Every structure is written in structure tokens, then in C-alpha cells.
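Starting off with a structure, shown below.
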Amino acid sequence: MAATATAASVPAVALEGVGRAYGERVALRDVSFTLPPGATVAVLGANGAGKTTLLRILAGLLRPHAGRASVLGAELPREAWRARGRIGLLGHEPMLYRDLTVRENLRFHARLHGVPAARAEALTEQVGLAARADDPVRTLSRGMTQRAAICRAVLHSPELLLLDEPLANLDPGGALAVAPLIGRTAGPARVLISHAAEAGLAEADWVLGLRGGRQAIWAPAAQLRLADVRGLYA
Amino acid sequence: MTGTVAALIRKDLQLERRAFESVPAMLMFSISIFVLFHFGLDRGALAGDLAAGVLWVTLLLAAVLGMNRLFVAERDQGGFDGFLMAPVDRTALFVAKVIVLFSFLVAVELVAVPAFVVLLLDPSPGQAMPELLAVLVLADAGIAVVGTLIGALGVQTRARDLIIPLIALPLLVPVVIAAAEATAPLLAAQGAEPFPARWLAVLALYDAVFGLLAYAVFDFLLEE
Amino acid sequence: MTFGRGLRALSIASAVLIPGAFALVFFYAPNDADQGFVQKIFYLHVPMAIVTLCGFVAGGVYGIKHLRSGDRAHDLRSYVAIHMSLILGVGVLATGSIWARASWGHWWVWDEPTLVSFLIVFLLYACYQPLRFSIEDPERQARYASVFAILAGAFVPLNFLAVRMAESLSHPRVLSTTGGAMPGDMRITFLVALVGMACLFVTLCKYELASKAASMQLRALKRRLAGDDGLVPLNRSAAPQQL
């Protein structure tokens, strides 16, 4: 291992034999892959295959029960604090307080991450929420809420984006507006859960297929066709 | 750390002002209990240890309402996750929530204690005010510390509205004992009697022990 | 997992000490001047109370060990200690009540600070199993239970102090014996009873630990043979079910 490893050569994600169980139910078993910085991996699989569990482990919210996991060069769970603040998570929930306004929510997250409020304002404008910025989140439509959640996820300019169905509920205008923030050209490495397998394949450099918690597919997206991944959903 | 605590407090106070979930409920509940005590005890005026007991039991029950709601927004709206992923000291959440619960208690007492004086108290506690304030502050600190910890413990369980009072109330018995014993002479029928300062020492000891313990143990409640 | 170390020696010790203590109580210890024969329940009530409180504090100590090391064996020990103490605690309250009734004619006396403190502690620990049961994820259940055990363990001395201070000035102790130093024969009987009760407690705890460890190992073996799908899933439980 070269002593002069540069930041560019540290993989965004490196998993080796990672497993996680909930009591006796094994949610993930023996997952191993390496994601280079700036690359995108599409995580495909049926419901209950372990995709969300994987995402939460990468976010540092769940501790792996087996194997070794490192995110942005920090070994989980021992060094999880090193990666905190450099990862952006967009999960099922928007992670916004429903009774606070968009602006108040984003300012709160900005303060937590030590980011200037101006960035929150700029993002709000960019995704087209400027008109609704002072409305409580509970009054927004699902698409608007999703846009606000995306702002929250990228507010601190993370190096790794963990996205669970990022385009769900977004109209074409919204999808266009958020593309520079979370799309392929945005910059950070991305772990992307998508149920639309075709779109997932198109977006990604790599594909990770999970079935029953086990790793069924790990291959460059260019080498896979739709038929290859159908088996995951059988 | 102070920046994080400030941001968290600010967010909670914004939420409270917007949604009005805790303080008005705690206040209305206190006043209702005062009325209930009036009818239950069939007395119009209380003094001494009876008055102290009614006051502190009421404040404690109102505090339970506050404890129940303290972490609900975090739990139901993904607030824990958002906080856990931020590059901040995790104990800041504990400190912030203790300060928030303490300020809710103070806000409630600003109205509830005068209401108690008007509705149920026989003598006027005028000259005993400074001592009364000291007891209120120390007892509120203990309730805030234990309430925050048990609130965090209970919010992740299924029967959270039951578990929290069931665990917190026995834990707060020493606070009730000390606060009531300290307050009783201040509300005596013949005018305020000399003040037993050792109960303040008990309260301070309780606050210190549980404060330190809670500070040490809180992080373990946040992991998944 | 060797939880059953020394089990035989302890069982024999308990089997000797408990009947021995009873024999001493009935044949050796003198009758109390004020309360008569009834006072002898003291030899059952007080050792039980002391052992129960030590069990609760031990539960807290194992809770600390669990949080520091993450080793769920400590959580199992903590659970068994608290659970066993809770059972003994029922006995303490029952014997205390009988004693109060026989001496003073009331089933409960608020004037006895240790009994009152004990009631509060008991009410607190009665929440331990419902708390565990209400958390499904076993890891989280163990961690939260340890937090509770630590808090409650620290609470025990504080509570006794507060209640003692509240009662001591206004009322004399009701359920005390000879108000001070115990004469030699009472002291010996008391010590034997105390040591016997402690032995019994530790023996019962070890039995429960060994039994639980055995069922966990059995289940692990079954899993290896049958695979994950071959097993009936475990029901929710307050007790730790796997390490």
C-alpha cells in the first residue's frame, strides 16, 4: 500500500463480507464491493432484499455485525465520526420537521453542519422552492417535500450521496431541477436505490443486485442488460 | 458544542411556538388538577405540607406531559437520523433537551404557581419568594434531567406514553420528597417558618448525580 | 459460555445454610421482649431485603459492563440479577407487611422508611421487564435495559437517603429490633440467615443463567443444522434470547 495515497485513490465505499441481522433475521449477508470516488452504483433488488439496511450501514446509522466496512476512508463503526458531515442521505423520510418552514428546516441543518445560510437560500432557489420557502413542510405536496429533502441532503456538499428513490414524486420539472445536485454530473460518489431498473442501469457505473440479503450481482452497468437483473425480482 | 446546543434549542422553541404542543397542555393540565384537588379534598384553602404536596404532585404530573412530547418530533420525523449524521457532539442533544424541558417547566410555573396561590393557597407566600424560587429551580433541574433521559429511553419503545411516567415517577420521588419538605414551611398557615436548607442540599445532590450519570449514558440511547 | 461454575458447591452450601438458619431462628434465637415470637420474621425479611438491594445494584454494575464492552453475556447477567431480585422483592414486601400487621395491626406502615423506600424501588424495577418487552430489536433492548439498570442502581441509595431523611425526624423506627446493638445470639442467627440468603440468590441466578445459556446454544445448533428457514421464529420476549 503506497504511503502517498492521495485523496483521489481512497474508495468512496469499500465493503468486505458485511452482514447485519435483526435478532435472528439476517438482513444482509456477505456483501463485498468497492466503489471508486465519484462513481455511481445502482442498488437493485426486490422489497425486503436488504437495500435500505445497506444504505443505513453506509450512512453510519447501523453497525455492521460482520465483515469490514469503510466509507470515505473511515472504518465503520470505529471511525464513523470521521465520515460524519461528508455523507448526504436521502431516505424514505424527508427528515424535515413538518411544522417548521422549508427555510427554518434548512437553516437548522445548515447550523448543524456549519454551513452558511446563504447556501440554503441558493439551493432553495435552484430547486424552485423559493416561493414556498416560508410555508411549513406539512403544507407542501409530496413532490415539493422531496425537493426540500434533496436540498437538505446536499446542503453540506457531501462527498458521498446515499439516495433512496430520489426521483420519487418529482414531476419532470422537478427532476430536471435537482439533476445538477444529485445526478450523474453532480460530482460526489453515489449509492442509488432505484426500483425502476432501467433508469437505474442508465444512471450507474456499477450495479449491485441483492436478493434475500445476499449479493447476487456485482458488475459494471455497461455489461448488463435488463434481462440479467430480472432474476432479482423473481 | 455551544453552537450545536443553541441551534437545537432554537429549533425546539420554534417548533413549540409554531405547534403549541407542550406548554399550553401542561398548563391547562395543572390548572385542571388544582380544581380536581379542590373537589377531591373538599377544601377551599390549603396550607403547610398539604399545600406543598398538592403543588408538587401537580407540577410533577404536568412535567410528565412534557417528557412524553419531548422527543416525539425527533422520532416521528427523522430528527434523530438527521442529527446523528451531523459532525457534532452527540451529547449536545441531551444538553439542549434538558434546557428546553427546563424552560417549559419554568414557563408553566410562571402561570401555574400564581394560579395555585389564587385558587388554593390560604396564606400569602410573599416573603418566602426567594426560597420558593430556589426550590423551584433546583427541583426543575432534577425533573428536567431525569425527564429528558427517560423521555429519550421511552420514545423508542412501543407503549411510550405509559413507559415514560411509569419509570420517571418513581425516579423522581426523592425530588418530590425534598421539594415538598422544603416548600411546606414556606406555605405554613401562620406565615413562613424557617427554611430547612438541607433539603436544598438533597436536591442539589440528586441533580448532580443524575446529571452526570445521564450525561455519561445518553449516547448509548442514540445508536441503533 | 460457562455460567454454571461452582454450581454444585453453591447448591450444597444453600441447602445447608437455609435450613440451618431456620433451625437457629426457631431454636436458638431469643424471643424479642417487645414484639414476641412475631419478631422472628425479621430473620427472613431483612436478609431478603439486603440481598434484593444488592441484586439490583449488581444488575446496574453488569449494565455498566455491558455498555462498555458490548458483550451481551453481561446483559444476560444483569437481566437475571434484576429479575431474581424482583421476585425476592415481592417476598420482602409480603414479609414486611405481615410483620407490620402482627406488630402494629396495620398491613402497611408509612413510618418505616426502609419499607417505604423499598416499595418505591420495587415500583421502579417492576418497569424493567415491560421496558425490555416493548423494544423489539434485541441489541437495542439490551442497551436500553442496561441504561435503565444503571440509572435504577444509582437511584437505590439516593432514594433510601431521601426517604430516611423525610421520616427520621417525625417518627421512630417501627420495625427495628432492640433499637440498637444486637445481642450475640441474635447476631449469629442474623448472619447465618444473611449468608444463607445470599448463597441461595447466587445459586438460583446461576441456575437460570446456565439454563438460558443452554437453550441459546441449542438454538444455535439447530440453526446450523436446519438453516435459517428451518426454524420457527422466536417470539418477542423480555429476556435475552441470543448472545
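Letters A, B and C mark the chains in the order given here, with residues in each chain numbered from 1 onward.
We adopt the following convention: a contact is a pair of C-beta atoms (placed from the backbone, for glycine too) under 8 Å apart; a residue touches a chain by one contact, two chains touch by 3 or more.
These numbers come from a predicted model, not from an experiment.
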Contact-graph distance - origin subunit A, target subunit C: 1
Chain occupying the most central position, where position means C-alpha average: B
Farthest chain (mean CA position) relative to subunit B: A
Geometric centre distance via CA averages, subunit C-subunit A, whole Å: 49
Whole-Å separation of chain centres (CA-atom averages), subunit B against subunit C: 31
Centroid spacing, where centroids are CA-atom means, of subunit A and subunit B in whole angstrom: 40
Where subunit C touches two or more other chains at once, by residue number: 136-137
Touching two or more other chains - residue numbers and ranges from subunit A: none
Multi-chain contact sites of subunit B, meaning residues that touch two or more partners: 223-224
Complex contact set, residues of subunit C against subunit B: 67, 120-121, 123-124, 127, 130-131, 134-137, 140, 143-144, 146-148, 150-152, 154-155, 158-159, 161-163, 165-166
Residues of subunit C touching subunit A in the complex: 136-138, 223, 228, 231, 233-234, 241-242
Subunit A-touching residues of subunit B, taken from the complex the two chains share: 3-4, 6-7, 10-11, 14-15, 18-19, 73, 77-79, 81-88, 223-224
List of subunit A residues in touch with subunit C within their complex: 22-26
Touching residues (chain side subunit A, partner subunit B) in the complex: 56, 59-63, 81, 84-85, 87, 89, 91, 93-100, 104, 108-109, 111-114, 136, 152
